[in-house]
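For reference, chains read A, B and C in written order, and residue numbers begin at 1 within each chain.
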Amino acid sequence: MTLPSAKLAELGLDLPPVAAPVAAYVPAVLDRGVIRTSGQIPVVNGEPVCVGAVGADGTDPGAANEAARVCALNALAAAAEVAGGVDRLAGVVKVVGFVSSRPGFSGQAAVINGASELFGEIFGSAHARSAIGVAALPLDVSVEVEVEFSLRED
Amino acid sequence: MTLPSAKLAELGLDLPPVAAPVAAYVPAVLDRGVIRTSGQIPVVNGEPVCVGAVGADGTDPGAANEAARVCALNALAAAAEVAGGVDRLAGVVKVVGFVSSRPGFSGQAAVINGASELFGEIFGSAHARSAIGVAALPLDVSVEVEVEFSLRED
Amino acid sequence: MTLPSAKLAELGLDLPPVAAPVAAYVPAVLDRGVIRTSGQIPVVNGEPVCVGAVGADGTDPGAANEAARVCALNALAAAAEVAGGVDRLAGVVKVVGFVSSRPGFSGQAAVINGASELFGEIFGSAHARSAIGVAALPLDVSVEVEVEFSLRED
């Protein structure tokens, strides 16, 4: 298996800095070999990069797909920090993706593919996933992604 | 304990075929004895069977309850495949049920009972559960259910 | 480490009674050292204490923050029951908080801080968390919180 760090290099991706712990929660927690991340939003250098409900009269689904990829990269950085480096991660077990949606928009799966495909490129294996359309998200972002990673057992 | 396969037979239920893996995610993943399914939607023979928001002016809550049962059966099939058969499943640990809802509809629990009751009939034990009303779901389905199963330890 | 029971006493908090199991699901399940609670709603003595969508034209976000604290205390009681007492809990691994929201309300994080801060006070450590704005919740409550706790290993 190619190590995750090598895949990131191939893709030309650097792990972003992990946001400082806010109040009473942290970006990720490791317990019994599973790393659960907090819901990650599409923030680059501290600023949201994709806001508003996604759909015909709103935010472009393609832009939201790219934002989901940003969320996934932020989740990877958060998990790597508690795992002791990205190469300690065996893979992704589960993704839950929330997409800011008005009634009538049903393209949540295509949006969250932005996260799933990044994880596929890095780990070369697939995960379980749910994609959900929600009324509103913190900071009015268009997408939020939470992830469970599995720690390597060796 | 009656085996899950025997309970399915008693109920006259066959496990449906598991949907082929789509892109970068799969129907279920086994990690450290826990099987997490993807969000399952009420699809029979590849077609959604219950669409639209549930409630007074929309989809009948009773139909959505039956759709939740379909989701649960799809989840069971997905979990059985990665567990090595339905009888390798010890039971259900957690259900999260998302119900397409407009503001003012508060009957999500009764809808998701369709899933919980099927699992109760099959495993004879109860699980933790959340029921949530959401703005929209993929393919405009009325309900989506994700499940965590526990693998037998023997 | 101060035991959770001592922290509760310091805070002047009693664990509420755990709601009787309803139909096919239960308030919490222990599996392989992880306790998953059902979605907890702000119920005191069997009655919802905070209902309606949160935001400018609706339920006060401060009241919803207090309701999230009530949810967290209910979750703690449910987990303590299956763990064999609150002092068998090592801490909180993950919180998912759902806030009844209309489009345009983006203050979900501040609402769910009511839950996170209670867990911080009791366990002195932080957890991963997602905060989501949803269309509607059971019984029209304003907030629902589900929690994963870790069991002590000693």
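FYI, a residue touches a chain if its C-beta (ideal position, glycine included) is under 8 Å from a C-beta of that chain, and two chains touch if they have at least 3 such contacts.
All values reported here derive from a predicted model rather than from experimental measurement.
Student: Work through the pairs of chains, note which ones touch, and then classify the graph as line, ring, star, complete or other.
Tutor: Contact pattern: complete, every chain touching every other.
Student: For the two copies chain C and chain B, is the contact made of the same residues on each side, with over half of the numbers shared, or of different residues?
Tutor: different
Student: If you average the CA atoms of chain B and of chain C, how many Å lie between those two points?
Tutor: 24
Student: Residues of chain A that touch two or more other chains: which are they?
Tutor: 32, 96, 102, 134-135
Student: For a test of understanding, state which residues of chain A touch chain B in their complex under the given definition.
Tutor: Interface residues on chain A, with respect to chain B: 32-34, 93-96, 101-109, 113, 116-117, 119-120, 126-135, 148, 150.
Student: Which residues of chain C touch chain B in their complex?
Tutor: Going through chain C, the ones touching chain B are 21, 23-29, 31-32, 36-39, 53, 96, 98, 102, 134-140, 144, 146.
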